[in-house]
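You will see subunit A twice below: alongside subunit B first, and alongside subunit C after that.
Right after this comes the complex of A and B.
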């Protein structure tokens, strides 16, 4: 894997490793399916519900990440797209009994015509009566979430257009405004005929939204489409726009088309997620689509790693876990117990600080701040143990879940601003520690050889037509030696107070290449 | 017929006249340098040609077709690509991805077939990779092999310059506008860039217009030199003709120093 390869052999993944990676992926998917089956058979309904919620929110975060991470536009209107998908799906699959209840209700704002809109009636008018039986509800649901996605995609097209003229914060405000406009117009008289105003419509089937198979199936489809898009030429163009709009345009990339395309695809999947979300909740209501929803997605994206699909899923898992299993945090405890918790948290923080410093090879490993934390923890434990009078009484940690999530986010932003996974995707090479962090000695030698006037007398005039050149073994050793000499030279130069720049005929400077920023 | 015809180009920003009635032609296969003191309007001319700015009046024709008012990306489709004075690479993408993204505008598949990886898309992607490595090979092996998959932010400054030139070449353009290709490079790297620009014309068949401050480089490779000062073209011709032009000397050195220099030249009989 060096110079002695043909110039067009770009791919450094060994075909055997590629086969292994594909095999590992299939094994992992198979194992995942098995685990899901096991969890469904033995798990409580709370566990399956939480898993389904993870998958639904995963669809939403992965699609939001297409705009935020790949296209580099901060969009805050995802709840609006979800609302459109949710209301469309809800209206289309509402069953007859629920429709009759809404029609007879005195406060209902829906009419007979609007209540007649359903997938069933559409299929009937097409003469497909076989698909209107209770057994084929899944077909109707599939059609409904698809139509919901299309409606949301249309909204995405409209929201995408201002993105052509605005940038950065201004665009973020516009997307936020659109999300709120969508939510608020759903409650107005104008759309009340279809949305039933602030009441919404209850009585939706949870058969799909709470099924692991449906939600994970949709999630798999979403991840497939969005990851294939990200790793295609279109995804590269979108990432180029994220990196530098001016340069992207100067390289012929049509900014308008790619931005709107990103918005439309993202909004489509947001609409699908909205359809599953109302099914999970068992009804449609305005307050299921508050801005808070988008906020949770943004937390998941930032915590997991902006731009990385696997990272975002990890972040979603974290957020969903805290949401579903964070209720012990909000119980009523005595102050003595709270103090003991605080002590435990301090111990944990001190331990994490030491772990962090040793992983980053920071010295001293035991920073004085870890000692301060441990001391405070001991103090907290001692006070809790002797139980003085002021510790009487109880305290309910109302909202502690949100606080916990916020503190977690702050910690991630401080210690790992790029998110848990960062920009890169999870890969088998990463797991098996195959990824190299820099060039090998051999490659380093080749670089030094190329740019060294002694070893390469033809200097910078490297002729690619002459074919690959390979330094001889002694040449390589000499190259390394000269490289080392050069390094020393720089040190001396910087000590002398000069800027360490090289003599004119020293050959191109390729030295800093090997330094990684991470 | 000239490949690029710039006629009576005017552009002002408020009260500042950036270009004033600038006209020049570039023939196919030429290397033309635009020089001039700071603020002379060199980069503005580039921005006008690439459609970043719209001229107040005047015409720009490429291959006989007026390109005034076209979007930047449309002009790239027609065959004009540029590099930037202060590098504008996609820093978090790899070297290969940078060069590939420049070819995206020529892709002839929809996003859906890209997602589904249809045979047509796969074929085009393979072709794009071949072109990318071909363009990177212009710069010798130093951007090949393991560098291909390194993100741009780990590259040295000189390698970033090379990557940006490869990226402009990969757009499929016939006319390259290089904005100070040797800025920030040491003398031996400048020498290398000089050779590469010449090879880009001789082997790659590109027509090149460059803005440059290093007179050594300009003198060595330019077929023709155009001198701008305060937005106006004050001289045009071969490098020798231009550097001995009293108006050019005046623009660079000021009136008094120019008079001395001209006297000196006349004494030694060089003029």
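Right after this comes the complex of A and C.
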């Protein structure tokens, strides 16, 4: 009996539900469009801009997540890919007036030949004059961001090659190095002909970058492609590489191919995001592509859940919200007010700490750290209340949003490294709280084969129809029995006394255990 | 020639070729213009030694931390930045008011206690406690009563920054000891970003002049091949201070009990723990020492350049270049860090000296900052263990 022909216990979506899911997806998309129309009709330009920014950064984070989450390589050079996409798009769609201005400007470093590069001239040389009218600007923009994506993908190919030799943090630092090399060389004379040095090109059209429809369209396309990829054989291979490179290689996965593929696709979408980003900003300049861009994406990914597209979008929403609506944090207040805020925040933190510890049934409930927080809060309040004259100066919270985001990232890494939703993806089954007839990921990794009649013809006491469950005691007994027969053993976890089931507190998945051993 | 032989000789051959090329280029430049005489290259060499020493001070912190917990401490460049600004504030805005003085004195006294503890083994030792009490009282008096000279500011900033290193380790890294290494690296990036922005908020957001009144800044004329090279006492002071600190660190690591524990933890932290080494304490010590050296580097960076960049950018480039130096020398090795730092320092200065901005050569100096990254990537790809490092290939 060929294994692949047999319906296995893992195949859990029944056809009727699949139809329902597709229908629900279309309804949701329709509802989403309606909501967007509603939000646009409110007419607040800040709101539409923030939504567009969410979509643009969403493209970037979803693509970064392909490397960081699916492939498990920490990549820190995303701002470099975005820069390439951004500059390419900028140069290609710059309008004639802006080109003329750059050419006549005394400080400009661009030449006539470099300024002649544009989608319009390309289309003209192809004889497609119909596409060079002002009404068809959107076609040219589409071509420009596509070409920007291709340029970035080429850079991704180059950056991806070291990933064949290096691993872990060395690879991370190399991607960071590449990102910085791209950024630092963009301003040198060698490339200034195309990048216009430190000046960049002002006066880009924001028609597309600030339009909800364009940005959300690109985001939907990105999410579609990347989620298809994630659940294809390529994506599974990438996830296998993430879990254990050596084991993946032993199973016949071509490491080089999948890693470079991941880098190229991710860089392509980063380039597209870069193109939208310069359009959102209305110009191209070097300092639009600082490392802090990648840092914000990292915060978004970690906050949402590394490896989960849904989670990453949630995280992006959080980061964009802080960036766009966090400006009250950066205004000028008196020191007294600042102290009061700080005291309030500390009280909140202490309360949360106590709540957290009591929910987790940790003892003592009043850990000394909560005491320290509360003490500091009391001190802040006392100073703010007793001595108003002491603190009459004002103080501008310059950079408080960045501080907030970095503190948030540290807190996530310390307290909840898996982020908001871990590696789980959104699915209708999850939303409708449907019980899966198949095993969970965790069971799949451990004693799932016990419930699979193909893999375990002897059968067990576990009823495959009973839904998700931890292996029950008889199941484990069967495992041990088989273990004795089978010298190679089932799984380390079922032998070392923990029975493969983790404490529920342990979080859904906190990375491969192998990481700890290294 | 067999492969191992080739492997042994190839680096030397490349090095010899490089030296030949450099000498040829220097001689050639000498024929082009009067400007490029021996004194010109002597100045470049002087700048290289100074810069290399500064990078070495930072690189030691990277290399020690990486050697033990395999963490690229991204925040180390920002520790260096804080060290530079702490020195600046100690020699400019002393005397402090009493509350500020007491708070700062407590911080510094704690670092002084930790440093004394390195030699006594316990925080409860009478000498350590004595140092603590004396330091709190003495420093409070000193901070609130007179303007500090540069050397005092240097020592004070080293102590204060040491506490910063300990705090970073305690708050951000200790909870992640068993976490995957990528989480640790992300946390380090977050700490670095946090310190940059806190620096912007707390210190300044513009370039700061850094001109303390110290004999180290006095001019000093060196005669090279009959021509005077105008420089200042820093030419001697920076390498000497670096050498003293590096020797002190090396002898601490090789001779003291805690140093032995440090080397043991670098070899295998788990086994060291089983043998009774308190690995957490060793790591904290590493952060303390690394931050102290970085602060010294920061103070002298300010002296050398006469000004400090704004906090968000000051630490990044020196930090990443020092990290490149640590990798080039062989990460985990103290002499390797110094060698790598000198390589970076020399390459940086000689790139501009050998390819000056002439109509034919416009581009090379612009790649000065990029070069460290390129070197880093090449070394990582070709020889990840660096010049003197041992093989760090990952075990499965």
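One rule holds for everything that comes next: the second predicted complex is superposed on the first by the 352 of 518 C-alpha atoms of A that agree within 3 Å, B and C clash if a C-alpha of one lies under 4 Å from a C-alpha of the other, contacts with A are read in each partner's own complex, and residues count from 1 in each chain.
As a convention for this text, a residue touches a chain if its C-beta (ideal position, glycine included) is under 8 Å from a C-beta of that chain, and two chains touch if they have at least 3 such contacts.
What you are looking at is a predicted structure, and each value in this text was computed from that prediction instead of being measured.
Chemist: Contacts for A:170 in the overlay, against subunit B (first) and subunit C (second): which applies, first, second, both or neither?
Modeler: Touch partner of A:170: subunit C, not subunit B.
Chemist: A:236 in the overlay: touching subunit B, subunit C, both, or neither? Say first, second, both or neither.
Modeler: first
Chemist: Which partner does A:422 contact after superposing on A: first (subunit B), second (subunit C), both, neither?
Modeler: neither
Chemist: Based on the superposed arrangement, let me know which partner A:326 touches: subunit B (first), subunit C (second), both, or neither?
Modeler: neither
Chemist: After the superposition on A, what does A:181 contact: first (subunit B), second (subunit C), both or neither?
Modeler: In the superposition, A:181 touches subunit C alone.
Chemist: Is A:228 contacted by the first partner subunit B, the second partner subunit C, both or neither?
Modeler: A:228: touches subunit B, not subunit C.
Chemist: Regarding the shared-chain residue A:282, is it in contact with subunit B (first), subunit C (second), both, or neither?
Modeler: Neither partner.
Chemist: Is A:246 touching anything from subunit B or subunit C once the two structures are fitted on A? First, second, both or neither.
Modeler: both
Chemist: Subunit A residues touched by both subunit B and subunit C?
Modeler: Shared contact residues on subunit A (touching subunit B in one complex, subunit C in the other): 246, 510-512, 515-516.
Chemist: Using the touch rule from the top, collect the residues of subunit C that touch subunit A in their complex.
Modeler: Touching subunit A from subunit C are residues 70-72, 171-172, 175-176, 178-187, 189-191, 193-194, 196-198, 200-201, 205, 316, 320, 323, 362-363, 366-367, 369-370, 373-374, 376-377, 380-381, 384, 394-396.
Chemist: Within their complex, state which residues of subunit B touch subunit A.
Modeler: 50, 52, 71-73, 76-77, 81-82, 84, 88-93, 96-98, 100-107, 111, 114-117, 121, 124-125, 128-130, 132-134, 137-138, 140-142, 144-150, 153-159, 167-168, 171, 186-189, 191-192, 195
Chemist: Which positions of subunit A touch subunit C when the two form their complex?
Modeler: 72, 74, 76, 162, 165-170, 172-174, 176-178, 180-181, 184-185, 187-190, 246, 291-292, 295, 298-299, 302, 397-400, 402-403, 405-407, 409-410, 413-414, 417, 510-512, 515-516, 518
Chemist: Please give the residue numbers of subunit A that touch subunit B in the complex, ascending.
Modeler: 1-3, 5, 7-8, 10, 12, 225, 228-229, 232-234, 236-237, 239-240, 243-244, 246-255, 261, 265, 423, 439, 443, 446-447, 450-451, 459-464, 468-469, 501-502, 504-517
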